[in-house]
Amino acid sequence: MSQPSARPWVRVIHGPNLNLLGAREPEIYGSRSLDALNTSLRELAAQLDVELDLRQSNHEGQIIDWVQECRRVASQRSVGLIINPAGYTHTSVAIQDAIRGVSIPVIEVHLSNIYGREALRHSSVTGVACAGVIMGFGFDSYLLALKHLAAELTR
Amino acid sequence: MSQPSARPWVRVIHGPNLNLLGAREPEIYGSRSLDALNTSLRELAAQLDVELDLRQSNHEGQIIDWVQECRRVASQRSVGLIINPAGYTHTSVAIQDAIRGVSIPVIEVHLSNIYGREALRHSSVTGVACAGVIMGFGFDSYLLALKHLAAELTR
Amino acid sequence: MSQPSARPWVRVIHGPNLNLLGAREPEIYGSRSLDALNTSLRELAAQLDVELDLRQSNHEGQIIDWVQECRRVASQRSVGLIINPAGYTHTSVAIQDAIRGVSIPVIEVHLSNIYGREALRHSSVTGVACAGVIMGFGFDSYLLALKHLAAELTR
Amino acid sequence: MSQPSARPWVRVIHGPNLNLLGAREPEIYGSRSLDALNTSLRELAAQLDVELDLRQSNHEGQIIDWVQECRRVASQRSVGLIINPAGYTHTSVAIQDAIRGVSIPVIEVHLSNIYGREALRHSSVTGVACAGVIMGFGFDSYLLALKHLAAELTR
Amino acid sequence: MSQPSARPWVRVIHGPNLNLLGAREPEIYGSRSLDALNTSLRELAAQLDVELDLRQSNHEGQIIDWVQECRRVASQRSVGLIINPAGYTHTSVAIQDAIRGVSIPVIEVHLSNIYGREALRHSSVTGVACAGVIMGFGFDSYLLALKHLAAELTR
Amino acid sequence: MSQPSARPWVRVIHGPNLNLLGAREPEIYGSRSLDALNTSLRELAAQLDVELDLRQSNHEGQIIDWVQECRRVASQRSVGLIINPAGYTHTSVAIQDAIRGVSIPVIEVHLSNIYGREALRHSSVTGVACAGVIMGFGFDSYLLALKHLAAELTR
Amino acid sequence: MSQPSARPWVRVIHGPNLNLLGAREPEIYGSRSLDALNTSLRELAAQLDVELDLRQSNHEGQIIDWVQECRRVASQRSVGLIINPAGYTHTSVAIQDAIRGVSIPVIEVHLSNIYGREALRHSSVTGVACAGVIMGFGFDSYLLALKHLAAELTR
Amino acid sequence: MSQPSARPWVRVIHGPNLNLLGAREPEIYGSRSLDALNTSLRELAAQLDVELDLRQSNHEGQIIDWVQECRRVASQRSVGLIINPAGYTHTSVAIQDAIRGVSIPVIEVHLSNIYGREALRHSSVTGVACAGVIMGFGFDSYLLALKHLAAELTR
Amino acid sequence: MSQPSARPWVRVIHGPNLNLLGAREPEIYGSRSLDALNTSLRELAAQLDVELDLRQSNHEGQIIDWVQECRRVASQRSVGLIINPAGYTHTSVAIQDAIRGVSIPVIEVHLSNIYGREALRHSSVTGVACAGVIMGFGFDSYLLALKHLAAELTR
Amino acid sequence: MSQPSARPWVRVIHGPNLNLLGAREPEIYGSRSLDALNTSLRELAAQLDVELDLRQSNHEGQIIDWVQECRRVASQRSVGLIINPAGYTHTSVAIQDAIRGVSIPVIEVHLSNIYGREALRHSSVTGVACAGVIMGFGFDSYLLALKHLAAELTR
Amino acid sequence: MSQPSARPWVRVIHGPNLNLLGAREPEIYGSRSLDALNTSLRELAAQLDVELDLRQSNHEGQIIDWVQECRRVASQRSVGLIINPAGYTHTSVAIQDAIRGVSIPVIEVHLSNIYGREALRHSSVTGVACAGVIMGFGFDSYLLALKHLAAELTR
Amino acid sequence: MSQPSARPWVRVIHGPNLNLLGAREPEIYGSRSLDALNTSLRELAAQLDVELDLRQSNHEGQIIDWVQECRRVASQRSVGLIINPAGYTHTSVAIQDAIRGVSIPVIEVHLSNIYGREALRHSSVTGVACAGVIMGFGFDSYLLALKHLAAELTR
């Protein structure tokens, strides 16, 4: 599906309200900021020799656009996607459809364990379409996903 | 409600992920592209002497804006709307409200028969506010809707 | 599946209480009679060069028999079915099975938009097995279905 | 309840769409016809010295009539009933009531295992009133039922 | 709606399995037969100077036909309908639609109190469209309905 | 249970808000007052030679007290109860228990057909414990109940 | 949390379709426009010596951005938020999260009483995270909220 | 409906357990007493030139009686009602009916935001019949309601 | 919370219909009367040196009043409450709130095992707020509760 | 899958509490013991020339082990499994998975008709993975299953 | 059922995770160990002259075995069972069946009040089959049960 | 909580049917065996300098025992747990309680993405009590969990 030229390329999409990371409900999401998370991701990507593309949006439509763009890149090189749909996780059929429409490995991540929260947050409409889901490890949810993708994309 | 001056004007709104038509899940949605669909619609519109306005967006808010704009046009001429809300079909109260807010004939269309898919996709929150719904005929869902609107708007 | 000898043959099955069309709840179903509807269908069929077979029954079993008979005709010529299961739409697994058992294009139609009515009428057990569904256009729901079938059967 | 004069008498009622057996959805129901099934039943009945009465209908009311008729016969000899209510299994309170109204052993049979199909088909409204249920063995569902009834009626 | 010429005319429709009255589940339905019930109804009708038309069927479609026929009679004289839909009470949208389609007073009756039975039998899909419901009085459920209709039709 | 000395005694309990009858939501409950209803009941009772005891309360506990009192009277004469629990119909397990605790015939009545109203009002927790239910006939719901009780208590 | 320098600052966010106020479904939302509402709000704010920031968007993501921005302002002065999430009220976990992420008083308002509308509109996913909710008073829902906020912010 | 003679009259009904205000669960309801609340209401009423009638009861029936009494007063002067049904909010169809039966403006208030509490407390059976609902502002829920009513009643 | 002066004081509240104990549904509740139960409680209280206050009411509001009164007594001595809310167990949020509002040990008791009865009676809205629940032991449910309270209050 | 050397081998697994057969709830399960059932099975197996392996356990894990062991035997000869999961029928995803993991014919049996029992017992989580289900025939449920397996394994 | 020779014999079964008592979630279950609980039980048994048999297992099957063993003992002496099924309370139909299969008094106990915990823990599948349930009293839940059993077994 | 002496110790518990890995449903679980998985885990553990303890059981009770044992080890060194509860994931409150009872980091893993399977498998009763969940990566689900634990335990 993808042509394994050059380094693998991994997009990371942070969903709504993740721009407030560290400031918002720190007892659930921790006290480190999105910048700190992105820095950790970049450091790991450098080690793994993966090119990283980092995005954040509060807009469902923008997130769908960014998921779709991965298709274009995937026609030229090896591509993976890490997505934290946050509040859209539990309702967005449209993001589910977008993920279904790209033929690349997609991993859904959550900072907290959604099974340990209120019932409204147990289901994942978007996760239905992903290869796998990692939840509950804080920043490490993303880092584990990136390690897995890097290995898979260079296999 | 509308002044029947000049040719009828019909807006077609393609919802999220329909820009990937042909490439995404072709076993469900077929292998022809959105451009092909739009070409078919334009050809039919020419035959029916209807002015066509074609839009696609992955953004729920953008779709609401476009639905609302039909009000303005409808103050001057005969207007109809064909909408495929795709993934927003099953959850968007806001698009339902937007359709409720325009006093023009609105037809909801789906390429596939949503009753034949998973339970999540059987309901239509947006269709509640439409005049009619056509589903399951691929491109023809749109073309049938356009034929019906053209006839109704020139009646 | 069918041998395209001669003109296509389309059966139309009107389900329970449609014999009262025009007299019953005209604010929902309109004030024109079933005869008027059948006349419209015959006129369109003549234009489209399609042979039409029109039926109405209040009996679920009779409707199943009529659906099944299409198999026999389909062994000799090109056959389609338009069905309005009316009150049986929401509960009849047996009609669903009958539709599943014929290998011809079947279109479910409704005069009114069932999503716009009470919750009991939102689901379609029979529509699950159809190729497509058209609802909300009054007589035109049937006429659009016939146009679509005629085109498909002569393709 | 019944007077054990002469050979036992067993009615078999095949519900809606079973007349299409072999032709309809063979991946679920197999490729042998209803005639073949009836022939197997007749051969086994001859071996077991049971008189057989075979019926098929797509009409719920007809099936109720046939269930009720067993009462009359049961006043004179030993009677059993094998019923496959097919699509009516999941909704017919009226067939349940009819079975409740006859004081003879009634066995519900299904060719396929209804627990292995979609959720809609897991329940059995009619089976609530039967002595037992056998499902999933194709023709053998009927044959096992007949063997059991023959033994029970001559006990 | 009706022309009050001559005596009022009341149709009574006994639904599925009521032909077995007295023989079937007497602990629920009592031990007197349908003939006895009809005799009681005829006697009361004579006293009330009402013409009676008594029907029983196990067929949902037949019941719908009979409900619809009341329309024709109602164009010439004062008409009422007493219906015991029995097992169809809880599921038949089609009988509900038929009742909706006649513009005469319709009373639903049940021999037993359906609220006192299993949950499946608490709802009434058909009763939704009736003027009133009387349940739990055995034969008197019918007789009370007849008295009420006679008074209403001659008012 | 009761000693058939003297005339039968029938208590009628009007539940909450029935004191406003005629003034409150007349499109549902009619425009005649509770006094008018009680007058009709008294007139009919006189004809039937039944002693009547009429009560109204908005208090669930008061209604339970009044139901229970029937036990004491029933030790000396023939007693029946007509109850319209109004808003308590759908939730009061305590009134259900009170009715269960008296061994006399109890009839639940409603002015309107509760199956024809919003879903919240379809169930009857109190009716579960009654002999029968009459609904939808306005004042006649009570009068039919009284006729039935009078006949039953003097049988 | 906020530094009470200068006048309090209150943002008002009007959600989807509120730009059509007065034109859309006036029997529910009244016939006055959003401009009229904003004018009323500005007049009251002037009286109360509150700085007002008025916004309207059909885009869920835009609304989340605007909710988040209040944090920044709140670091320098006393800030409150009035939000009418309209169609997003019933489904948006993402707006709930945004409200959770700002440490200022947030009041949800609705022009109509959502408990008095269809079941779909009874719940409030966004209201879960607000301090309070005011619904059913038309323009006054906003004005009452503003009065309360002004008092609270200057306390 | 009301004759605007003299000052407007507003009844305030505090439902069950509100007599314990300040002592009971202060983390939810605050630490000020019902007397303090009533004093605040009286002070505001004096400013607004509104006559106030303050009541508290733990009895559902008493609350219904008090709601109904407003009708009598309303025949002579301008009347409004503020009601906090407390624990009866979520189940009382009888109070809903009582509110439906008075033709005056009724406002439901809650000290806490019921959407922010356990699921059992999210719905409002009584609020369905009110003009508006104000929740979450402690004493101010009542005061805002009184301000609104005073303005409306003198309009 | 309580001052351990003098003997502990325990209130026992018997809910609706318990005044009929022994007479009502003896197969569920036994054949001994409420007087017998109270005598047993008094005898045990004497042994345990506990002052007993026994109450019965069919009125939800009265029960709430009695629960609240315990607060006053508890300011002067050691207080406990045994409550059998009977039919109010499954629905009364108001009694739950009253129990929440007293800071004394409260034990809910039932004569029968509510898990062994119909589904409607499995839940306990009031028990949510109690320290413990004892059910299924007839009179002993109360006596065990009293023994436990006596020990706890003198600890 | 299996090598048809030698006689077929059929394992029978009796689930929890079946060791008490005959002693436990004889009105449901009959009065004959598990030994008697096993004797009947052995006699029939001898007639059918099938080797029988009989097991009973109350331990879910033990049952899973025994299901899995069939795989090993199946590599050498023709193997079938008859399983009555008893109380584990309705909840055990783990036994379902075990059945899914063996590629041999598996028949689920029940002594009683589970559709005729309480709602909790209508579903079969384990039956979802079986070839067929036989219920309601007492010992004959097993014997019919054995006959079917013997025939199938020697086909 | 049991022969009252010698002292009564009472088995106590502690279900899964109770071996960790005191160490696990002490805010719910208290800080004393299972040994301490067993010591308390033994002391009380000595006072009551009851022989005690104490067991703990995390294995559902083991618990069923132990319940069943009570039958054997019960054939020779007076036997009772106290069971805390812990995590198996809410799902184990198999333990329910085992309890149903022994004809001795069985009391279910819980240390905490399960109605006061999360919804998942409100139901009791096992308690359905017990004589009574005691919950919420910590160790005293067991001790009260033992006192009750001792009295009942020596009655 | 743990004393960081020596190397960290990680237990891995493979739940029911995982001993059949590679042989059972390879389209879901892959074709490599449990031995292969354990070998991968051991190799990684060696690299990470972690002591590994590998277990598999089909017995729920055994799994609980093994979870509990981690407590003992944790009193002496740094301990983590990786658990794949397989079929017990969706129902086992007892395993949830066991996990709650150990104060060590616990990670739930699944080979497949349970959100992508049938609805029955979407929920995780056991995952509610874990720190995090990793699903959908085949063997890598375990390996990622081990990497995370190793890092966390040596932090």
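Note that the chains are named A, B, C, D, E, F, G, H, I, J, K and L in the order they appear, and that numbering of residues resets to 1 at the start of each chain.
FYI, a contact is a pair of C-beta atoms (placed from the backbone, for glycine too) under 8 Å apart; a residue touches a chain by one contact, two chains touch by 3 or more.
Everything numeric here is computed off the predicted structure, so don't read it as measured data.
Annotation of subunit F and subunit K: jointly contacted by I, touch as defined at the top. Listed by label, the chains that touch subunit I and also subunit K number zero.
Shared numbers divided by all numbers used gives the overlap of an interface; between subunit K and subunit L this overlap falls below half, so the copies present different residues.
Centre-to-centre separation between subunit A and subunit D, using Cα means, comes to 55 Å.
Taking the mean of the C-alpha atoms as each chain's centre, subunit I and subunit J sit 49 Å apart. Averaging Cα coordinates per chain places subunit D and subunit E 32 Å apart.
Shared interface positions of subunit A, defined as residues touching 2 or more other chains, are 59-62, 91. Touching pairs of chains, sorted by label, consist of A-B, A-G, A-L, B-C, B-G, C-D, C-E, D-E, D-J, E-F, F-H, F-I, G-H, H-I, I-K, J-K, J-L, K-L.
Every residue of subunit L that touches subunit K in the complex is listed here, in rising order: 59-62, 64-65, 68, 71, 91-98, 100-101, 125. Contact residues on subunit F toward subunit H in their complex (touch as defined above): 15-17, 19-20, 23-25, 57-62, 86-91, 120-121.
Across the interface of their complex, subunit G is touched by residues 107, 113, 115-116, 122-124, 127-137, 140-141, 144, 147-148, 151 of subunit H.
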